[in-house]
Amino acid sequence: MKTTRIKKWTSDYGLFLIVVILLVSIWQWVVNHGIIPAFILPSPSAIWNSLMDNSELLFEEHLPATLKEVVIGFVISVTAGTLLGVGMHFSRSLEKVLYPFLVISQTIPLIAISPIFIMWFGYSIWSKIAVTILTAFFPIVVSTYDGLKSGGNEYRELLLTMGANRWTIFKKIQIPLALPSFLSGLKMSVVYCVVGATIGEWLGASEGLGYFSRRMSGSLQADAVFAAIFLLSLLGIVLFLLISFLEKQLLKNKYHI
Amino acid sequence: MKTTRIKKWTSDYGLFLIVVILLVSIWQWVVNHGIIPAFILPSPSAIWNSLMDNSELLFEEHLPATLKEVVIGFVISVTAGTLLGVGMHFSRSLEKVLYPFLVISQTIPLIAISPIFIMWFGYSIWSKIAVTILTAFFPIVVSTYDGLKSGGNEYRELLLTMGANRWTIFKKIQIPLALPSFLSGLKMSVVYCVVGATIGEWLGASEGLGYFSRRMSGSLQADAVFAAIFLLSLLGIVLFLLISFLEKQLLKNKYHI
Amino acid sequence: MLQINELSYTFGVGKSIFEKISLDVKTGEFVSIIGSSGSGKSTLFKLVTGLLEPDQGEILINGGKVTGKRLGSVGYMPQKDLLLPWRTVLDNVLLPIEVSKENKKAKLSEVREWLDRFGLAAYEHSFPNELSGGMRQRVAFLRTLMTGKDLLLLDEPFGALDSMTKRNMHSWLLGLWGELQKTVLFITHDLEEAILLSDRIYVLKADGIKEWKVNLPRPRSSELIYQEDFIRMRKELEWLIQHENN
Amino acid sequence: MLQINELSYTFGVGKSIFEKISLDVKTGEFVSIIGSSGSGKSTLFKLVTGLLEPDQGEILINGGKVTGKRLGSVGYMPQKDLLLPWRTVLDNVLLPIEVSKENKKAKLSEVREWLDRFGLAAYEHSFPNELSGGMRQRVAFLRTLMTGKDLLLLDEPFGALDSMTKRNMHSWLLGLWGELQKTVLFITHDLEEAILLSDRIYVLKADGIKEWKVNLPRPRSSELIYQEDFIRMRKELEWLIQHENN
Amino acid sequence: KNNEKTTEKNTTGGDKKLEKVSLMLDWYPNAVHSFLYVAQEKGYFKEQGLDVDIQMPADTNDPLKLVAANQIDMALSYQPQVLVARGENIPVQSFGAIVRHPLNQLMVPEDSSIKSPKDLAGKTIGYPSIPLDEAIVQSMVKSDGGDPSKIKMVDVGWDLIPAMATKKTNALIGGYINHEKLLLDKEGHPMRTLNPADYGVPDYYELVLVGSEKGLKAKPAVFKKFMTAIGKGQKYVQDHPEEGLSVLLKHEDKSSPLEKDIETKSLQILLPLMDAKDKAFGYQDPQTWNQVAAWLKENKVIKENVKAEDAFINF
């Protein structure tokens, strides 16, 4: 049992790991030989050292701060996005009004409207969460909405003949049918949450990995900047994998549609 | 014929337009009454005036510059993204190696690596195009890949029994099957292209709507900032609608899967 | 039990499916509807269940006086089995009970008994994709029974089965019929099946609907089909379908 | 034409479908395979076409000496019609010609002629979703013919049709049979259909395969089914399927 | 074909072959850069055989890095930042002081109760997350007898002005007296400024010209010529401020128009601060460099091993 698991893992990620190791080695070599100056792209070992040197600060102060924004932003995005998606599914008018706004909301550069956020939320955690939500809720709305649209009409009719009301049909048919699409939206969204939190911290903050990287960039410490980015990227990947795992558990054995 | 078209149009967009007009009026009122200071959120009329005042500059210099970046970035994103998606579909190893990198590429804050871009591409149009590609090709790869994965196994087997090779099957079955998913990726991607070009221009440029809006924001000319954002948003929406139209044409009458 | 008077129905613009057709089903009867593909059999069922509203005419269920709200008043088994792929056999069968908000626990032992009688006891925790076609069909049938309605509309329940499985289902249904105490309206393409199971057969054609009585005593056995009488009846029915254009 | 010797096949781990079955089809013959759902009929076809590789035994097509590469050497009509929804009827029928890279233009008039003979001339520019079930089935059949192969494997071509349409297809196929000059291996659930169309029938069961000869002269007509001889044969076949466990 | 190209180059280059030089500004073009545009417009660069390509950065840290990476020949940056860079092994040197006094001053609203740095206790100060700004505030408070630990610093990102104007912070550091202050005044938020140089911070050079060590060593002549040309440019601006500014404004009208009133006021503030008195324009005083380095070390902004005398070069 265990050996097959390890085997599966190696066959799934082995090649990727080899490529990563190769790339990191090349990177280290390139920087060591001065082909790219270390103050523009620091070497992996320098990044690692900086990560270790600043570990207390990074892991005990800035990572938790960013994580908090990401989690709160994600929860609100999921709640609001799902509600909007469901609302648009149930009401044609709501859909017609909201859909264009959704597209517009994605085309507006966030940095340009950051003063508005600051005016409304100040430098509290809420301005960062607002930015997080704005970047992260679009995939959720779209995937919820598309998921609910996805067929199931015949099942709907079947339940109607059993005397089911709209709500029962929604619960018994449409939610299970929308689940796969919804979960894949969730996966994208959680990645965008990390990006959103980082942008939010750039727009004004006093803690968080985005703030840290901006600050270190101000004192020209490229290795620390990249250490923070490394953590941000890792955070995104871990959250992505978490949702992927959840997805596998929820859809296991069940979706043979 | 014509009246039904107009009718359809009104029923599709009428409500949206009413809401837009309502919102814009409220916005104007709020700013006029000083509830939000004009230098943070200028009134619609001020934005419009600024658009008119700067029209020559905006339409003849900055819009074409941004459009050029968007178009080149989009073309390269589509080409590279499609190739990658197809490659990942054909080669399990390629998929295993690339998929994690794709996710990682989305979690890295672009602004943090801007010096690298500038070092490689200088302040030429290519640094902006690189950023555009980085933001826009992810949805294309994912949608191409997912589209090609989407079933069609039975059709594949049928063609195999006719003696078809991999390439014929790809051409006759998998491309048509992947088209809807691919096109919806294209729609998302074109919106992200505009966002990417804007970010790219923030990271260093001497023309383009993003550059213009950033400069104007530096001298606190909020109305000009918003005029540029308005154009950017409009550009995104127009491109989105163009692809939607293309989608409708291509899938018309054909996809009753 | 069911009475349809002068029913007309048209899809969209101009695609008329029925014009003034009438039929009735009495309590305890087994009535079949046959007709070529696209003649509107499934559409008729959707009208009876209330999924569609007639353009003209009335549909009376249980002697109800109005054509009004009919949804939820009959047990309907659609042409495809439509088992929910994410639910086990047991949960699929429990669906109508959940919908009607009856006490699930109280019904559970009854449902288990039925599963046993349908030969599905060993599969109650299987998912639909793990079942053979015949088993899926039986689950869908059981689900229809579990609606607890007296009038069952069955749309080609045995259409997808192989001949042997179908034959077994026929024997099984004929054996069960006395116990069931249901009224059935049944769509099929199979003339043999229609004659074997029904008390009366309606033939649906472009120009109207035609009634045809089956004069076979009950209880019946599936061996009947080789009897001369039966073969003669089948020939007659076939002739009716193909030649009557008046 | 086709010879299968001591074929064994197992799905994954332990799910044995066949053990050492043998059968053969001679040039110009019409041979049917019947067997209950899940007995492995479709799997047998996939083995013959080359979509699956046997664990043991050999499959010889056209007297070919090796069991090697078989893909592309027979005309295969799958159980579902699998018409490409984004292609018109004509383009669907042209698919095998495109695949074999023959000159499409040269074949076009021949294909049009066939469409006419299949009663599909008026629909050449229709899309599959605009066709009735019977028409779709005919298109799929024609597509199989257009592969130009001499051996056709047809997996329940008439399974989804209503009894009248099916009857028409039978008459039509029997009428065409002399002209076609093909060899057919045919899967069906319908015993009547098997007897009416075939020269020989193989019954596929869990414990092996059994051959059964049909002693009916050709040309045949679909009226045959009401004859006593025919009914006796059908009874006999049914008995064979249900009782022979030795 | 090759010949054609070279002749073409020669004709556009005029009689002499011009040496191409790239210069990156510290920020977007504004009044402080008038001397550059004048030197370009009036042909002072050409006289020296230079063809200067002026670029704009996206981030205030980019010019230093790109100069060090030899992507750019020279750049405008800040004196303390040059020392910070040297501490991080970024090989850059300053070769000219452009603005000789701090422009970055602490700003508080005119009606604020904050009269001197010690009043900042318990207040929020917005800053653009540059550690140097923190050091400035701390020094100012300390030298005024206040407690620096009682101050809350918040990174306000790119939006210095809205932070102040919407009263989300009590004070602001990182804004320039010739830009942010003027804009805030114009929007009806008059500001009072507290000059760091009055409160224990050395009177440092706000803007300096930097080149890479390598570049400065390789072609000192180019830098010398450049200094000569901008000296002439600055002289012109000093003598004819209006004309000097209009050169800049005309240039910028082509892409992103500047506000004339703001820039005029800005130049008025700047001119005296750029004046090197009896020395040549751009001259750097070793004394200033030593003081700034000592102060930065004291505040732990740079490492002990940074040598002030290596950080600059006078032409």
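The chains carry the letters A, B, C, D and E, assigned in the order they are written, with residues numbered from 1 in each.
By our rule, a residue touches a chain if its C-beta (ideal position, glycine included) is under 8 Å from a C-beta of that chain, and two chains touch if they have at least 3 such contacts.
Labels paired with UniProt names: A, B = ABC transporter permease; C, D = ABC transporter ATP-binding protein.
Since the structure is predicted, the reported quantities are computational estimates derived from the model, not experimental observations.
K.L.:
Determine the set of chains touching chain C that also touch chain D.
P.N.:
Chains touching both chain C and chain D: none.
K.L.:
Going by the contact definition above, tell me which chain pair has the most C-beta pairs touching.
P.N.:
Maximum number of inter-chain contact pairs occurs for A-B.
K.L.:
Approximately how many whole Å separate the CA-defined centres of chain D and chain E?
P.N.:
Centres of chain D and chain E (C-alpha means) sit 85 Å apart.
K.L.:
Please work out the Cα centroid separation of chain A and chain B, and write it as a whole number of Å.
P.N.:
The separation of the two C-alpha centroids amounts to 19 Å.
K.L.:
Starting from the mean Cα coordinates of chain B and chain E, work out the distance between those two points in Å.
P.N.:
Each chain reduced to its C-alpha mean, chain B and chain E end up 37 Å apart.
K.L.:
So what's the Cα centroid distance for chain B and chain D, whole Å?
P.N.:
So the centre of chain B lies 50 Å away from the centre of chain D.
K.L.:
Which residue numbers or ranges of chain A touch two or more of the other chains?
P.N.:
Expected reply: 40, 111, 115, 119, 202, 217.
K.L.:
Would you give the residues of chain D that are in contact with at least 2 other chains, written as numbers and ranges?
P.N.:
Within chain D, no residue contacts more than one other chain.
K.L.:
Could you check chain E for residues that touch two or more other chains and list them?
P.N.:
Touching at least two other chains: 59, 61, 65, 69, 158, 162, 166.
K.L.:
Can you give me every chain pair that touches, using the contact definition above?
P.N.:
Result for touching pairs of chains: A-B, A-C, A-E, B-D, B-E, C-D.
K.L.:
For the complex, give me every residue of chain A touching chain E.
P.N.:
37-40, 111, 114-115, 118-119, 122-123, 202-206, 211, 214-215, 217-222
K.L.:
Please output the residues of chain E touching chain A within their complex, sorted ascending.
P.N.:
Residue positions touching the partner: 59, 61, 64-65, 68-69, 81, 84-85, 88-90, 126, 128-132, 152-159, 162-163, 166, 168-169, 301.
K.L.:
In their shared complex, at which residues does chain E touch chain B?
P.N.:
Those in contact with chain B are residues 27-28, 55-59, 61-62, 65-66, 69, 71, 158, 161-162, 165-166, 183, 186-187, 254-259, 262.
K.L.:
Within their complex, state which residues of chain C touch chain D.
P.N.:
Within the complex, chain C touches chain D at residues 34-38, 132-134, 161-167, 189-191, 226, 231, 234-235, 238, 241-242.
K.L.:
In their shared complex, at which residues does chain B touch chain A?
P.N.:
12-13, 15-16, 19, 36, 40-41, 93, 96-97, 100, 103-104, 106-109, 111-113, 115-116, 119, 191-192, 194-195, 198-199, 202, 210, 213-214, 217, 222, 225-226, 229, 232-233, 235-237, 240
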